[in-house]
Each structure stands twice: as C-alpha cells, then as structure tokens.
Amino acid sequence: MSTSPSKQLETFPNPRVGRAYEIRFECPEFTCLCPKTGQPDFATIRIRYVPQATCVELKSLKLYLWSFRQEGHFHEAVTNQILDELVAATRPRSMTVEGDFMVRGGIHTVVTASFEDDASVNPVERGDVFLR
Amino acid sequence: MSTSPSKQLETFPNPRVGRAYEIRFECPEFTCLCPKTGQPDFATIRIRYVPQATCVELKSLKLYLWSFRQEGHFHEAVTNQILDELVAATRPRSMTVEGDFMVRGGIHTVVTASFEDDASVNPVERGDVFLR
Amino acid sequence: MSTSPSKQLETFPNPRVGRAYEIRFECPEFTCLCPKTGQPDFATIRIRYVPQATCVELKSLKLYLWSFRQEGHFHEAVTNQILDELVAATRPRSMTVEGDFMVRGGIHTVVTASFEDDASVNPVERGDVFLR
Amino acid sequence: MSTSPSKQLETFPNPRVGRAYEIRFECPEFTCLCPKTGQPDFATIRIRYVPQATCVELKSLKLYLWSFRQEGHFHEAVTNQILDELVAATRPRSMTVEGDFMVRGGIHTVVTASFEDDASVNPVERGDVFLR
Amino acid sequence: MSTSPSKQLETFPNPRVGRAYEIRFECPEFTCLCPKTGQPDFATIRIRYVPQATCVELKSLKLYLWSFRQEGHFHEAVTNQILDELVAATRPRSMTVEGDFMVRGGIHTVVTASFEDDASVNPVERGDVFLR
Amino acid sequence: MSTSPSKQLETFPNPRVGRAYEIRFECPEFTCLCPKTGQPDFATIRIRYVPQATCVELKSLKLYLWSFRQEGHFHEAVTNQILDELVAATRPRSMTVEGDFMVRGGIHTVVTASFEDDASVNPVERGDVFLR
Amino acid sequence: MSTSPSKQLETFPNPRVGRAYEIRFECPEFTCLCPKTGQPDFATIRIRYVPQATCVELKSLKLYLWSFRQEGHFHEAVTNQILDELVAATRPRSMTVEGDFMVRGGIHTVVTASFEDDASVNPVERGDVFLR
Amino acid sequence: MSTSPSKQLETFPNPRVGRAYEIRFECPEFTCLCPKTGQPDFATIRIRYVPQATCVELKSLKLYLWSFRQEGHFHEAVTNQILDELVAATRPRSMTVEGDFMVRGGIHTVVTASFEDDASVNPVERGDVFLR
Amino acid sequence: MSTSPSKQLETFPNPRVGRAYEIRFECPEFTCLCPKTGQPDFATIRIRYVPQATCVELKSLKLYLWSFRQEGHFHEAVTNQILDELVAATRPRSMTVEGDFMVRGGIHTVVTASFEDDASVNPVERGDVFLR
Amino acid sequence: MSTSPSKQLETFPNPRVGRAYEIRFECPEFTCLCPKTGQPDFATIRIRYVPQATCVELKSLKLYLWSFRQEGHFHEAVTNQILDELVAATRPRSMTVEGDFMVRGGIHTVVTASFEDDASVNPVERGDVFLR
C-alpha cells in the first residue's frame, strides 16, 4: 500500500460476520480548504459503523482523509460525501459520520449524517448498549 | 454580502437533499439588552436542525445574531423568536434552539424550543444516533 | 416589586403559548435550616418546566428561594414543596425540581420530583431533544 | 439514635406519598474486607430509589454502611445484599444500588442491581426525566 | 490459582441468581501485538454483563487479558474474540465488550461487540437504569 | 460544645509543635447578607495556616462561619475580618484566608488576605513544597 | 448611582489599609467592536490588584466595562487602557489586567498587563501565597 | 512478608544512590477512626520523598497504612505521625506527607507536613523540576 | 492585505510602549508535512511575547502559519524557525514559542523555545504575575 | 531503521545548537514486568530535556521503550535507568524522566529523576518559562 493521499478506500473481510457490532474512529487530523476563500478549514471526523461483509482498513482511511487536504469543500457537503464514499466502499449495516469543524466567525459547526441499510437487522445501533 | 448586522438570513441549497442529516451551531457570542433595565445580557445560542431544501449560510447567521446587540429582549421570548425566524428562513424538517444565559440574581437560565415539520420523515432527530 | 424574601411567586404571560418549549433554572444559592438540629443546610435547586399560560418571573423566583433561609425543612419535603408551590403558581404542562444537597454524614443527597399535567400534550419533555 | 455501626435501617414516613419522586445518595466512604485475603476493600455506594410509604433515614443509612467495615464480602454479593436489605426496610416502588469498587489487579469493578415493585406505577424511574 | 498468563477463565456461582443485575469491569492494562508489523498495541478493555448461573472470577480475568500480551491480533477481531470467550465461559444473560485502542496513524479506534441470550429476560440491560 | 452560631473560636494544642506544617480548610457553606441591599451573599471560604502553639478546632470553626449568616458584610471587609479573628484566636506562624464569592452583576470576586508572624521561621509556607 | 454605561469608576475606602491583600475579579461579559471592521469582539476581563487607600466599587466596575460596548478597540490597546484607568482611579499597590479574547481567524488571544507602585511594599503579590 | 496490617515499614536499598530523585505515592484507601466519636474517617494520603540510602517497599507501605484502620487519630496528629514514622524508617533527604480528609461538618481538611535533612544536598526538591 | 499564505509577518506600533506587558496566542490550526515521509503533521502553536516597539498583526500571523502547510519540517526545527522569524519581525523584549504536536508512534511531542533580549528589562516575564 | 525492539537510541544533530530550548515527550504505552512476580506493569513515561549537540530520534525512542516489554524492572530503578541511558545517548544540557505507574495495592506511584550538565548554561530549565 502506498503512503500518498488516495480516494481509494481499502477493506478487509469482517472477522465476525454474524454479529452486529460497532467500530468507531475519531480522526482529529482532517483539513481541507474553504471553496469560497481558499483558506484552510480544520475538523475532527468521527465515524461509527456496523460492518456487514467488510471493514474499512485503518491505513487506507488515513490516506483517504489526507486526500481532502488541498481540495475545496463546504462543511455540510464534505461530511455527506465522506459518508457516501465510506458506504460505497464498505456496504455497512449502518454508518454515521460527524464533521466537527473549528470556529469560524465565532461559531462552532458540527454536521452529522447517517446511513442505514434497511435490509439488515441492526440491534446494536441503539445508543444505550455502548459502554460509558 | 455586507458585514453589518442584519435580520436577513441567507440560505443555500441543501447539498444532500435526500438524507435526514443534522447540522449543529454553537454561538457563544450573543448579546442583547434587558427590556426592563436596558442592561446587557449575554448568552450562548445553540442551534440544531435537519435541513429540507435549504441550509442557513454561516456568515448571515453571524450577522443575524449580531442584529440583536442593541435590542431589548426577554430570555424566553428571544429564544422562541430566533427559532421562529430560522424556521421561516430555512423551512427545516426539524430545529431546536437553545439560549443559555449568564447568571442573573444568582440564577442560571436556559431556554430550549423546538420545531418539527410534521410532513417530513426524520429518523435522525433521535438523540441516540449522534456520536459522543 | 420588593427585594425582601417572599413566598409570593410572580408570573408573566408565556410569550409563545402554542409551543411546548422548556425553561431551565439552576440556583446554587439555596439555604434553609435542619428541622432537627437547627443547623444550616445548603443546596443547588434545579428547575425544569414546560410553561402553559404563564412563566415564573426570575426575580420573584430568587426572592421565593430566599424565603426558605430561616425555615426548618427536610430534604425530601422541601423539594416536593418547591415543586408544589411552583406548579400552583404557574400551572405548567410539566415541571421537575431537583434539590442537590451538600454532604452530611459523608453522604451526598439529591431529591428529584416531577409534575405532569395529563391534559397537556408535551413532546418536548423527552430528554433526547435537548442540546448537549 | 446511637452512633455505633448498626444493621438496623430506620425510616420515616414519606412526606409526599402520592408522587413518584426520586431520592439519590452517593456514599464514597464504604469499606469492607475481602473474604479471601482479609484485606480492606473500598467503594463508593450509590443508591437511587422511588419511595412508597417510607423513606430511609440518612443517619441510620450512614451507620448501616459503617456496619460492613469489619465484615468479609465479595463485590457482587455485597451490592445485592445492600439492595435486598434496603428494599426490605423501606419497601420502595423501585430502587437501584451501585457498588463502585477501587482498582484491584489493574481492574476497576462496578456492580449495579435494581429492584422494581411490579404493583406500583413508576413513571419517574425513566432516566430521561432527571436534570443534568 | 497460578499467576501466569492463561486463557482459562474461572467462574464462581452467581450469588443472586434470581435478579438481572449488571457487573462492569474497566481494564486499562491490555496489550497485544499488531499481526502485520509485530509492534505492540495498547487498549482499555471494558466489559459489561448480566450474569446467569456464574460470574467471572476477577483474578482469572486479569490472567486471561495478560495472555494476549505476546499474541498478534487485529482490533476488530480481538474484541469479538474476548466477547466470544467470555460468553463461552460464563453463559451470561447479556454481555458487551469494548476495545478502546490507543492512537495509530492519528486515528483513535473503539470496537464494541454485544451478546444477548434470547432465552433470558433482561430488563436491567437498558442504559437508563444505571446511576451516573 | 453547643451547636448554635458562635463567634467563639476554640483551639486545641498543636500536636507537633516543633514542625512548620500546614493545615488547609475549604468551607463551601458560607453565607452572609449584603450591607447595602440586605440580600444574601454566598461564598466558599478557604483557610490555610501554619500553626504555632494551637490549632483551630473544626466544629468551632463551623459554628464561627455560621455566625455570619444574618450579619451584613462587604466582601473585602469580611475576608479580612475572618483572617484577623482566626489569627487572634490561634496565633499562627502564618495564615491565608480566601473568600470566593458567587457572581454578582456578572462579576466573580475573590479576596485573599495573608498574615505572617515575623518572629517565626516558616520554610513550609513556600508554595512549592505542597503536593499537587 | 445610575445604571447606564459610564467611564466613571467609583471607589470606597480600603477597609484594611495596613495589609497587602489581593482582590480578584473575573468578568466574562465584556464586548466591544473591532476598529477595522466594526464587528463585535467578546472577551473575559480578569483583574487582580492589591489596594492601597481605596478599592474599586463592584457596580461601577460593571458599568465601566459596559461603557466599551459600542466603542472600537484593539485587543492590545484596550487591555492596557483598562489597566491605566483602573490604576488612575484606585491608585493600587499593584494591579494586573488580563483580556482573554474569543477566537478570531482560528487564533485565541490573551493580553496581560501589570502595574506596580514602586513606593509600596507588596509581599502578597507573589503568586505562591494564593490558595489553589 | 505477611498480609496483615503492620506498623513495620520495610525498605530496600536505593537503586540510584548518587542522584537526588523523587518518589511519589497517592494512597486513596486510608481510613481510621475519630478519637472523640469513634466514627470512621477517610482520607487520601499523598507521600513525596527524595530517598537517601533506602526506599520504602510498596507492599509494606500498604500494610502500614492498613494498620490505622481500627485506631483513633486526629487529622493533624496522624499526618505528622505518618511523616515521622516514614522518616524514621527510610531516613530520606526530604519527605512531604499530605492527609486529604473527606468532608466533616461541611468542611474539607488537608494537612501537609514536611521533613528536610539539613545535611543532604537536595536540588531536586524544588517544585519547578517536576513534569506536569 | 492578501488572503493567501505568506511568510511576510506584518506588525503595528505597540500601543503601550513603556510597559512590559504580555501577549499570548494559541493557534490549534497548524499543519505541515513530515520531511521524511511527506505525510501531514498537525500541531497547536502557542506564542507568548512581551513586545518592544512593534506587535505582530493577527491576520498576518494566520497567513504566516498557513504558509507551512505544504512544506516539510521536523518538529524541533520548525518550532525554532517560527521563533526566529517572529523575533526577526517584531524584535520583542522576550518571546516563547511552543509546538504541541499530535501523537506519532504512540508518543506526544512538545517543543518549547524562548528568546530574551538582554538589553531590555522585563519584569513581567516571570510566570507568577499572570492570572490563572 | 528496523522496527524491532532495540536498546540502541539514535540521535540527529540539534537543529538550533545555540539556544537552550526544551523538548518534551509523553509516552503512555510503556510496559515491563515485575521482577518479583513476573506480572506486567504499565506506565506513562514522560521525558523533558534541553539538547546540546544532538536530539533523540522519535522512532528509535519508541523502539527503545518497547525493548523493556519482556524485562523485569522495579519502578524506581527503571526510571533512573531510562534517564541514564538517554543521557548517555544524547548528552543533553539537562533532562528529567518521570515514570507514572498504574495502581498496585491501591497505591499510585510516580518516580521522577533529573540530570543537569553543570558545564552548560541552561536558563530555559526554569519551570516558569513554559507555556501553560
């Protein structure tokens, strides 16, 4: 696997296919550019998903998030795009992506988008089963 | 777009219309005046909404909140007014506005008001799907 | 309005009658006396309610809480009394009062009492719609 | 009332019988002995209950918890025993006892046990009605 | 009982069989190796379960977690394996295992897997009954 | 000893006269009245001293702080008065009293006053020897 | 005393002239305008001083800080101006003013300026004598 | 070594005699009895020392602190006694013991006592060389 | 002033030349590249300085930090370079730059470099005069 | 450079030799074995140093700390050994190593050891020049 930015998300077979379990990532090192001003934006990207046949490979996820570094993106659009591309690559039972952007104009913005595969049964996706 | 206070909220087309996703803003720089004493009040305004056809533009939101600076408003009324005006401007699936006001008379006050468009389907609006 | 302790709770008309929205107060400056020993007790009183026709006026609430200063009250009883008197004065859709008392005998006590007007519809009163 | 350790839990009449309200205690000063090694164990005991006819008296609760000081108890058993004895003494609508034990073998253990009186109606016992 | 690493989980009879109560462990001292690079990984393992006939013995749990020290394991697989082996050893009503792994590639990963015995009734397993 | 408010501070002989060691008290349950408005003020009183021949008795300190409950005092004056009266009663090597008052007019006030007995040698009174 | 914004700082006689003690204020409700853009700025102003003959009156301090609300000021200049004007009004032994401004351009700015009256002896002004 | 409470503190040779380095212990599991009422007291004991020829052995320290469990001790006296006995057993270059006792009468008490061997050179004992 | 990345730091005249006061910036939005792997690094840059004739202009500081975005730099070198370039541009009495880098290889790195102009008198630069 | 555990610490030339600046590392992923029981110990290792001619290379530091994984070490000795070996490899102006070990026997232990090269001038090594 290369170590340059890449939109290519790699996957590996889910090691425990029969169970609806959850994987969470917190990625505080996300940056892209503002499409209007060209200035850098910074965010923490949080991903939570219940895999089906495949899991996303951690290093390819890092390179994928890196690939946005020199691209222009609006907050609302890029959060949905990351969700769409992760869903396309991994076909999960369900997935939520949260973009938590640093303050601009005195306002802190967080965008949260979710996908749910209606054909899958997903009892784990209820917030109350996770440990605090 | 001007950079003076304005009640005019601007919007842009929702980049992902088909999905019920959430946008949150935290605005700690809100101030208005007490209608009885004329003295300044300070609050953090928190906004959470699921857009339908349009999203509120971040800079116009900043100018909108600025427009209250020299106006007299009661805590309960101004929180509901911000909700009503944001709903009128953006027609969201659902929206919640919270006014978190600084201590007066030894008492800390928080007012929270919500709108839900009955015609929309909004599975995201359940508190348990957001990442912690 | 006077500035002496008073059991008289004042109200004002709810500025947004049609909406079930929430008002929260945190009052860390509550003190009364222990009915058995006469020694001072200290508590934070937290109030959360959904108004109907009237809201409680903030300054009268301060004077009302002040009125307990030289009275003897047990933790369980005084929390319920504050709820009963606030409900009688404001006739809310729903209300919760929490008395969070300082450590006595190495034990920290919190008493929480709620009222719900069965005739009102109150979808806001679900904990998951408030912003964190 | 004496001030020596005692298994005798004292009660007083619930001052607001008609209402399902909650009383919480946090007791960070609990210690007993390990039945296998005889060495001291330390825990915070948290109690939450909705009273029916009687409430537990605070000082007798302190003496009751003190009574475990020189006794040998396993974590899982002692948490359930405290719940059983408090339920027997106070006959609550519902009660939860949590034993939060200090680290042993690099592992932090928490045991949580609940009782619910099926004959009582207890709408307060839902976690979302309490103030944060 | 020996004090060397061991996959053998020991149990003892549940001291309160009739009640659906919860036991939680937090184990911040977990380490294994990355199967690809051979480098050490570190995690906090959190376990939450409602026992049926038996409870897991604390010291054997410590030795069990120790047994992974020199083994290669992927994050997703090892969390599920710990759940499977704890379920096999204790036959609980329900169990959740969370692997909270230290940052790799700027990304913090948490894996959460749950088991529920469909034949058991388990009202305690709702997140809202536990004390905060 | 009575349990009514008292300006009489009781002392006991310092159990370790030869050593310059420190005693700290944090008392979050202080209240007095505003001399101008008659309204209640609340503060946390923090006391730090190096004893000489005598130490202040804890229960008499509680009754002493209680004695301010119905008296009118300004923030700056009452903090110095507590220091003066504690110094007079205990004749310490050194003492610091801090009055940390709750918000008034949106402003949080802390007053800190110190006494040092020039005739005593007090190497402990340097901030860098206390544990964090 | 009026309740309108005023540059006039009022003082009262220091109640304990002979002692070098400290008074601290934290004022999170400061706002002024950016001189370049006219947009609002927000800051927390922290003041720490050792009085000489006079103390600053709390309500006049509130009105003084309010007086900046519609004025244009740079961060560095306004913090020094507040120090200069407070020193002129109160002639303290020493004083420090800190302006802690909200994020602009992704950068959080804090300006701290101090005054020391060389003619006064001020042993209290060493950071290590204050309680933590 | 036995596992019963013992006043006998064991030591081992300092592994790095030539260097003035620091060892800190935090022991949150200390309990003794109040000499006046016989009721339990609880404290966190913090120890910081620079060893000379010997270091205190960790398990014997645990058994030593356990030995106070059924003894009556005042806060000020027991903190000094622990310092005296640790100094006698280990002959350190310097040592500080802090007893941080749980709230009694609404007041939180901390006692801090230090020893310094005048014959030793101890540059490490300055607070500014330790990592935060 | 342009809004593109620039090594050109702009300054403005110090508004209070006669006083040694401090200006602090916290900039959590710094990113550059690893010179060995080309992968992105992220840091928070903290700057603290006492100005002499000029202050650094905030917007030019933002553009200056932006200018490192596509450049390769080692942690130790880039922190010193930022200090050197800020000192060259502003000629301060003293300045400290801290680079607080995100975790790499399980290790969190912070580099802190300081400059002091020996010809200036700088009593403010002692840590104990700043408000906490 | 290999990726297996190694006692060989690699260095690179200090990029700013003329300046006494500080480098700090926090390494929460340290584990070794107890020499008496063979059971694993876990610690966070914190390193702070002012380089002279060379700096320690980050990846070799990671491999160096890894090399203790299967070795038996006492807390006091291993902290001093890490300091001695880092000093031998990098010849710094000054260095401090802190071993912060997880709870054993209910006691949390921290060992802190420092080295100072008397021939070097090191004004940066005073705690008050670092940013908080």
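Just so it is clear, A, B, C, D, E, F, G, H, I and J label the chains in written order, and each chain counts residues from 1 on its own.
We adopt the following convention: contacts are C-beta pairs under 8 Å (C-beta built on N, C-alpha and C of every residue); 3 or more make two chains touch, one makes a residue touch a chain.
As the structure is a prediction and not an experimental result, all values here were calculated from the model.
Looking at subunit A and subunit D, the chains in contact with each of them are E. Shared numbers divided by all numbers used gives the overlap of an interface; between subunit F and subunit H this overlap falls below half, so the copies present different residues.
Between the two copies, subunit G and subunit H, the Cα superposition rotates by 145°, quoted to the nearest 5. Counted by residue number, the contact pairs of D-E are over half the same as those of F-H, the matching pair from D-J, F-H or A-I. Rounded to whole angstrom, the centroid-to-centroid distance between subunit B and subunit D, based on C-alpha atoms, equals 43 Å. Chain geometry summary: the mean Cα position of subunit E and that of subunit H are 36 Å apart.
The residues of subunit I that reach two or more other chains are 24, 28-29, 42, 102, 106, 127-128, listed in rising order. You'll find the chains touch as A-B, A-E, A-G, A-I, B-C, B-F, B-G, C-D, C-F, C-H, D-E, D-H, D-J, E-I, E-J, F-G, F-H, G-I, H-J, I-J. The touching residues of subunit C, counted against subunit B in their complex, run 14-16, 19, 21-29, 51, 55, 58-59, 61-62, 123-124, 127-131. On the side of subunit E, the complex with subunit I involves touching residues 42, 102-103, 106. Within the complex formed with subunit C, the residues of subunit F that make contact are 3-4, 28-29, 31, 37-40, 42, 66, 69-70, 102. Subunit B contributes residues 24, 46, 48, 74-77, 79-80, 96, 98, 104-116, 125-128 to its touches with subunit C in the complex.
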